[in-house]
Structure formats: structure tokens, C-alpha cells
Amino acid sequence: MAHTFRDRRRIEFYETDMAGIVHFSNFFRFMESTEHAFFRSLGLSLHRGGPEGMSGWARVGAECAFRRPLHYMDEVEIELVVREKKQTSLAYDFVFRRVADRDGPVAPDEVATGRLSVVHVTAANGGRMKAAGMPPDVARAIEVAPSA
Amino acid sequence: MAHTFRDRRRIEFYETDMAGIVHFSNFFRFMESTEHAFFRSLGLSLHRGGPEGMSGWARVGAECAFRRPLHYMDEVEIELVVREKKQTSLAYDFVFRRVADRDGPVAPDEVATGRLSVVHVTAANGGRMKAAGMPPDVARAIEVAPSA
Amino acid sequence: MAHTFRDRRRIEFYETDMAGIVHFSNFFRFMESTEHAFFRSLGLSLHRGGPEGMSGWARVGAECAFRRPLHYMDEVEIELVVREKKQTSLAYDFVFRRVADRDGPVAPDEVATGRLSVVHVTAANGGRMKAAGMPPDVARAIEVAPSA
Amino acid sequence: MAHTFRDRRRIEFYETDMAGIVHFSNFFRFMESTEHAFFRSLGLSLHRGGPEGMSGWARVGAECAFRRPLHYMDEVEIELVVREKKQTSLAYDFVFRRVADRDGPVAPDEVATGRLSVVHVTAANGGRMKAAGMPPDVARAIEVAPSA
């Protein structure tokens, strides 16, 4: 069972804004992207669809504290840690560390921390999403991280 | 029947990049947004979904020529003109004119021109999209603009 | 002095994701857009640049709780209330209310709540951003909302 | 000297729209991202800033033809080929090939082709961007591809 995952990405030009730094809304996309990579690393998918309807994970809460900005060409490591697991929901903590800038590796520097709370939902085609027990393969593969 | 439509929007901070101007990819979003507003002005929707499947308009071609940049708080007028109408497809030309900056109205200034080609598609739930004759209400409401 | 502001926007097609709803990262863009409109309503700008450097408002914290999804063509009212004002910082609460869907007005429905904490920063050209006392015109125009 | 470059990326959930496919505006972001990776592979940067001003590459034209959609978790190879090089400008052709879907590798499938035309610009701090001869290190490193 897995509870921690690390991903890396390089900042794209189109993720910056006129202040010359990564737009804060993108940190939420980066968290989600890491969540998807975590699932993928376990052979799982966060979103399943088909003729009979969809199964996915609705976001119910998201937060981020920003300490330092990220810039174009920075490389950032994003660490996901599972903090909560209930019948229909998961919550993750995230740490963003800058590990390189455009000139190469730098001493890892914590630039932001975040949290995402998600609920498993299903929907018939054209219907509303409803909370539903998480898929058994997810329940088997993911666990809460031991407290420090 | 309608063939021309004008929309206005103010540039958002999050639409800029570190060069201090609107990221070029957003001009394509602005074109699409104007297309949706054009349909809405006629009581139509570009995307229809339901228990039996979806009907929409797939983009098959998009282009834009950029003459001058747009900045945060600029107001831009976007003119759509229908240039082509076939059984399953439409093509629009667009002109972007800056009509105000952060200090107020300016003499209209053509900043970009674009073109969008779209094909009507339908898909059964979970199935592939296929080209299909456009909905009768769209065919009745939209026509090609007379040539100048 | 002002402490409350309301803005409205219609959901764009490009703001949705494959789950058929507004991607959660866009709620953070909507908050910021409302903040900018609040400043603009007071004759102020959140971002000032020039030959000598820039003055802006860095985001230090952002959070959102999502109750119900927003869909394509929904109209949403976003209410901003100033909750904190210090020498260099402001914090706002937000309430998102769906007020119309594609078929017309609906009974206002609270879909999400959020919070944004921002710090006034300045930077010389090419230099790092540093916290700095907020501009006098902002300090004169904005106040904390009276508690209920 | 270099004239061809290939990059790969996996489609993110947040790059999809309610039609269940990658939003067409993102293909333009993918082209630009590949252009940046091409420059980076040569030890170059597309955007340089500092106390005295900025140097960058303004987009003057962009187009894309879409043959087939991309979906969540697809992996796409993006090939850039330099087609034009003048004193101040470059033009690239792009081919997008789907090389994997969520279940693993697939026979490479051309899903889109594009073109980007860019002009080298410089700007003093707070000033307007003006076309300017491309930096010597770029002129030395990049050439037009031989015609087939």
C-alpha cells in the first residue's frame, strides 16, 4: 500500500503571469497533476468513463500557502502524502520544493505547501454526481501515511 | 438569419504572461468565447449533452495573426463574421480591436485577426465523435455574410 | 471606504473539464478576477509597472471549499468581503452563488466559499519582490467589513 | 546546427474540456512548450530579462489543423521542424503524433499539424517591444531544415 509520492515538473512559459512568476492558480493544477501521477504509479485512474456513466473524484476542498515564487524554467519537486482515508474520501498534503532553476540544480527550497480533499463520485450519463464508496482497487492500494 | 456578431471583454491578470502581455493561446479562447456568445444571442447552444449522448462542434482548423499585443485591463472588441456554411461545417473570421486601455477608451486599434473552422459532431455515450449534419435550428439561424 | 463587492460572470466552455464541470483551479482565477474588479471599481489597480520597477499584490494563501459544481453557461455571482487589513496585507472572503443556468435565472444557490490572503510587494527591475506598506490610495479606499 | 526536435508529454486532466478531449487552445501551448524545450536543448533561452530590459520572441502567426482528438492520459509526441529563418524571425512546423493511450503504446497516429511564426523583440523596462536582430547565439545554433 502506498501513501507518499514525488513528482517533478519544469515551469512552462505559459504558466507565468505579468508579475514574472507562476500564477498561483497553477499550483492547484500541479497538485492535481501529482495526484493523477500517484494514481497512475499504482496502475489506477482517477477518472473512468464509459457508456454507462462516469466515476471520478470531486474536489471538495483545496488550499495552498505560498512562501516563495516559482519562475520560468525552475524545476519543482511536488511531494504528495496521504493524510486521510474514509469510505468515500481522501485528503493529501503537498510540499513544493524548487530543486533547479534555469542555470541548474539548487539546494532544495520549500516554496509552497498545500492540501486537497477529494470525494469519490459516480454519475449516470447526463445525471448528477453523487458520493459513492471508493473503488475496491483504490481502497486496496492507498493508505494513510504513518504520523511522524 | 445572422452572420455577424460583436463581443467585448476586459483582459484579466491571469491571461497575461511574463512578457507582460496576453498569452497568444488566449486569443483562441477569446474566439471560441465569441462563437459561444454568437450562438447564445440566437438562442442556440454549441454543446448539448444528455443521457443519449452529445452533440457539439469540433474545431478542425484555427489560426491567428498577431499585430500588436494586448495588456492587462485593455478592453477588446471581437468581431465574428460567418464566411462559410456547409452541411456539417462553419468557418468564421475574427477581428480583434483594442477599444480601451486601463485609462479609458482609445481609438479602435486592430490588434489581431483570426479564423476558426468547425464541424458538427455527435457521439453516443462513451463513443467516438462523428461528423453529422448540423442541427436544423442552427442551419435556420446562421448564414454566410455577404461579400464586401 | 469600501469592504464588499459583487461581480458576475458566465461560465465559458474552456473553463470546463472532462467531468463536465468547471475545473476547480478556475475558482481561484474567479476570486482574483473579482479582486481586480473590486480595485477597478475604486479607481485602483492591483498591478503597477514602469521603468523603475513594479508594485503588486503577492498571493500568500488561497483556499476554497466546493459544495456544488458549476456548469457551462451557468451564471455565477461572486461576493468579496474584506476580512483583514494590516500595513502590508489584505484578506478577503468569497461566496460563489449560482444565479442562472443555461435556461435562465435560478434561485441563488451557494456553490462554493473561498479566502485569499495577499501582501503588497514591490520589486526593482529584475530584482526580487519584497513586502512593502500598501499604497496610500489603497489604504484610504479599502476597509475591513463590520462583523455581522 | 539544429533544425528538428521532438518532445513528449502526457495529457493532463486539466487540459481536457467537457467534450472529453483536449481543448484546442492547448495545442498552441504544446507547440510553444516544444519550442522552449528545443531552445533549452541547445543551451538557449527564449526569454531573457534583467535590470536593463527584456529580450524575447513575439508570436506573429499561429495555426493548427486538428485531425483527431487527444484524450486524458494519452501520450503525444510533438515534432518541431524549422522552416524559415530570417534576420529577426523564425517559423516552425509541428506534427502531433499520439504514441500511447491510457492502456499503453499505440501505433503512432498523426492527430494534428501546426505552424508558429515568431519575431525576436527587445524592450527597455516599461517600454514597447520592437523587432530586433536575433541574438548571435541563436543565429549560430538554429538552421532551416533541408527540404525533403
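First chain written, first letter: the chains are A, B, C and D, and each begins at residue 1.
Throughout what follows, a contact is a pair of C-beta atoms (placed from the backbone, for glycine too) under 8 Å apart; a residue touches a chain by one contact, two chains touch by 3 or more.
Not measured: the values here are computed from a predicted model.
Chain centres here are C-alpha means, and the one lying farthest from subunit C is D. Annotation: A-B is the more contact-rich of the chain pairs A-B and B-C, by number of C-beta pairs in contact. Each chain gets one centre point, the mean of its Cα atoms, and the points for subunit B and subunit D are 23 Å apart.
Centroid to centroid, with C-alpha atoms defining each point, subunit A and subunit B lie 32 Å apart. For the pair subunit B and subunit C, the distance between C-alpha centroids works out to 26 Å. Contacts with at least two other chains are made by residues 13-14, 18-20, 25, 29, 32, 47, 49, 72 of subunit B. Here subunit D touches subunit A in the complex through residues 12-14, 20, 29, 32-33, 36, 40, 45-47, 49, 72-73, 102, going by the rule given at the top. By the touch rule above, subunit C contacts subunit D in their complex via residues 13-14, 16-21, 23, 25, 49-52, 72, 124-127. Taken together, the subunit B residues at the contact with subunit D in this complex read 18-19, 24-26, 28-29, 32, 47, 49, 54, 56, 58-67, 69, 129.
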